[in-house]
Amino acid sequence: MTHNPRPVNKKFWTPGVYVMLAFMAAGAVAVIARFTGGIGYVSNLSTARPWGLWVGVDVATGVALAAGGFTTAALAHIFGRHAYEPVTRPALLTAVLGYTFVVLGLMVDIGRSWAIWKPMFNWNPNSVLFEVAMCVMFYLNVLYIEFLPIVAEQFKNSVRLPGTLALLNRPLEFLLQFADRLLDKFMWIFIIAGVVLSCMHQSSLGSLMLIAPTKIHPLWYTPILPLLFLTSAFSVGYPMVVFETTLATTSMGLADEMEILTPLIRITIFTLGTYMALKLGDMMVRGTWVYLLDGTYQTNAFLIEIILGVIVPWCMLLSLRVRQSRSLLFTACSLIVGGVALNRINVFIVAYSPPVSHSNYFPAPGEFLVTAGLIATLMFIYRFVVTFLPVLSGSREVSV
Amino acid sequence: MIRKIMVWAGVVMLGACLCSAEVWKAPDQEKAKERAKELVPFVDAVKDDCKVLRRVCLLDKGIDIKDVETTYFHLESPIIKAREDHYGPVRFAHKRHAALIGDCTACHHYRPKDESMSETTRCSACHQEAFKADNPQRLGLKAAFHQQCMACHKQEAKGPVNCTGCHLKNVPDHKELVKLPDDADPFQVTAECRRCHDAQAEDMLTTAHWLWKGPSPFTVKHRKDIQHGKGTTALNNY
Amino acid sequence: MNINRRGFFKVMGAAGATAMTPAAGARAWESAAPPDAFGCLVDLTRCIGCRKCEEACNRVNGLPAPEISFDDPTVLDTRRRPHEKSYTVVNRYFPGTLDTHDQLVPTFVKLQCMHCQDPACASACIVGALTKKENGSVYYDVGKCIGCRYCMVACPFEIPAYEYHDPVTPRVMKCTFCFERISKENGLPGCAQICPVEAITFGRRDTVMALAKQRLKDNPGKYVNHIYGEKEVGGTSWIYISSEPFEDLGFPSLPDRPTPKLAETIQHGLFSYLWSPILLFGVLGGIMRRNEKKNVHGKDKEARHDA
């Protein structure tokens, strides 16, 4: 199979893009409000509920759903399944954008955004968050380096800046050529480093909440929380690829890539099965199933997460008919993506109930606007990049 | 307008009264003040008798209210003032309390272990600095006063238990607080006082100081409606 | 993908060497509580709810004036929590005991940072802005803080508050144990110094702990047989004794295990000397190289041979 990605030659300004712009504008207003009135001005965060939507969705869910990047890279480049290379580039782009927005989300959420560089010089090796921050920082760099060849591929031999900027043509051309050649030699280091760093911080995101044993509902609080986070990240990687490839190919009128996606998702049966076994086994071992029928919003959220987000899609994937049907596969993968996203939201927001002040939390409109704005910006840039850079496999583009 | 002038005049008169008071000093108060300044040697070891034994002991020695020498104390000490100083001293009627309670051991609960020392000592002999590292269970003087007085007042449902029931609050230095121009007129002065003491000014308007009539211990049968006097028939000649 | 042969063996060698030493790094978790730290004993049977401690705290820490005066007792009608403008608050509880006049007896509870022996906030803090000092105080260094609020997530007592309405330089606000004051000779925390009844006893933690035990022993039946903070979350510098059960006074029931223990054990077990990432790097590198070789032999043997 020839893997020949190229820019999508499609109209950029569609109605969907205008909708994204509207969300981006609303989000920008909320961000301006946050940086003039303070976090308290736009959010419902309090002493007892210091982390809310921004950490639960922008950061935790964002990192989890960017898992497609390292799982496909591991499969295609490390385990040598080159057949899957067509999906590595869109997955890489998703990861680049996902992590960039994790950092942007953090900038909004942390009180002293200007001090975000301080963990580089003030180390606290006891802190789980310190490890996560270091990994995310290094991984973001690794991702950009991995993405650089795509930029180089498009623009080398064709740097034509207009007017006085033309002076820069030669040095830029040289830089691109040099980067392309140098990176080709050392790319293996970055690919493996990317996978290692991902394994580290995907699991450590789960360790974050181990510091609050009295605040996290026992259905979620388990010493194997980091392992559950890691296995769920493995599980959500390929479904996320299916999810976004299906969305992208549909919205841009490209050929579906079922001949890649169908075999790819078979791996998920194994990873999701492991995650499911660990999660159910942990529930049995710790005897937390007694809470299942409490009927509180917390246990209901757990039931939705485990049944709709794990068990149902896993059973669906067992069937070859589902794996081969575009719509059924999309449904199953959406359920998995939703299940893992809900898991992160559950662990960071729903499961968190401070026992002293019993403080309740529901995100303020300002929080929703910031998050929606960030997601819209991410989608906007994704569309922009695939339109102008060789990311999607254009060879199988169908005429509409 | 006239009211304001009169308030101001009242303040001047009050000030004049206070100034003249400096001339005469109550001797027992002066003595109590001097006494409160004294520091006595610390009694480390006490004889830990039970309350009954202690009472019997005092009975045997024939110590009772007739032996009370000092009628009046100022409950304060340099030990307390060194740390915090927000309230004036408590004026403690020693003899009166002794007579009311009739039991010296209510306060003089232990005696020094050293038999040569007096049977009853002052509080500050045993209770001094708080949180002494070598003697952490011994209460400091401030806590000893408060615990003793308040516990008993609560127990007997008699006597004040709130801060200002026993203490006057220290008056803050008004040099810093009062903001007036050099040649302030009476209205500015009154307004400046009322900036903080508005409630007191309002209260004052209902008193005899302002109305020149009202219930008084010096009227016949404490009558309120005085027919003659400054409020009515007398000439306001000041 | 082209793996440079020499580079690969270098990396593998380092991985192997480091993987040998995990046992040395993953030592059993040990408490880092300072040995001779200060502590405070709060005797709830003594507290009269005068709120002088709140007033003194406000004064010595230069906090903003409260909306309602410290002399106003109606404040006690509502339950309050420490917040960004007051490090300590006193709450009134009526656990149900009646006095001789059939009136409910109030119990007053002073709340502030407990200054844990092994503070979860200090373990959590990404930059080490929160540290347990030798004198026992859990100290906040605003110069390091980035405002992630993980300390607030971690604190089992829900104490650290945040200046949510400061857009650029918000601070985490909590009791400092009057760090500067108690660092001086004979220095006392503002609250302990002003307390009129010595409801707060300040001293070395083991001294006040012994004092608490002595009071429980000397007054049989007066206190519940529990020193709150002796064992909770591995022990706290501030400890409480009470005549009413602590559950009825808003104290959270907490495990004896130090809060940071589990997360720190996992973190240090996995990441001491980065042994696991390096091992994983080596293993993945090995797999990659094997697959690479297979590919080379299978496909374009000649072309690669020249290179």
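As written, the chains take the letters A, B and C, and residue 1 is the first residue of each chain.
Definition applied: a residue touches a chain if its C-beta (ideal position, glycine included) is under 8 Å from a C-beta of that chain, and two chains touch if they have at least 3 such contacts.
None of the values given here were measured: they were computed from a predicted structure.
Ranked by how far their CA centres sit from the centre of chain B, the chains are topped by A. Chain C has the C-alpha centroid lying closest to the overall centroid of all protein C-alpha atoms shown.
Chain B and chain C have centres, each the mean of its CA atoms, that are 45 Å apart. Rounded to a whole number, the gap between the C-alpha centres of chain A and chain B is 71 angstrom. Distance from the chain A centre to the chain C centre is 31 Å, each centre being the mean of its Cα atoms. By the touch rule above, chain C contacts chain B in their complex via residues 46, 48, 50, 56, 71, 101, 188, 192-198, 201-204, 207-208, 210-211, 214-215. In the complex of the two chains, the chain A residues touching chain C come out as 34-41, 43, 45-48, 50-51, 74, 77-80, 82, 109-116, 118-119, 122-131, 133, 184-189, 191-193, 195-197, 199-200, 204, 207-215, 223, 226, 352, 354-357. Residues of chain C that touch chain A in their complex: 1-4, 7, 11, 81-84, 120, 122-129, 144-150, 152-154, 156-158, 160-170, 250, 252, 254-255, 259-260, 262-264, 266-268, 271, 277, 280-281, 284-285, 287-288, 291-292, 294-295.
Of all the residues in chain B, the ones that touch chain C in their complex are 83-84, 130-131, 133, 136-137, 139-140, 142-143, 146-147, 150, 157, 161, 163.
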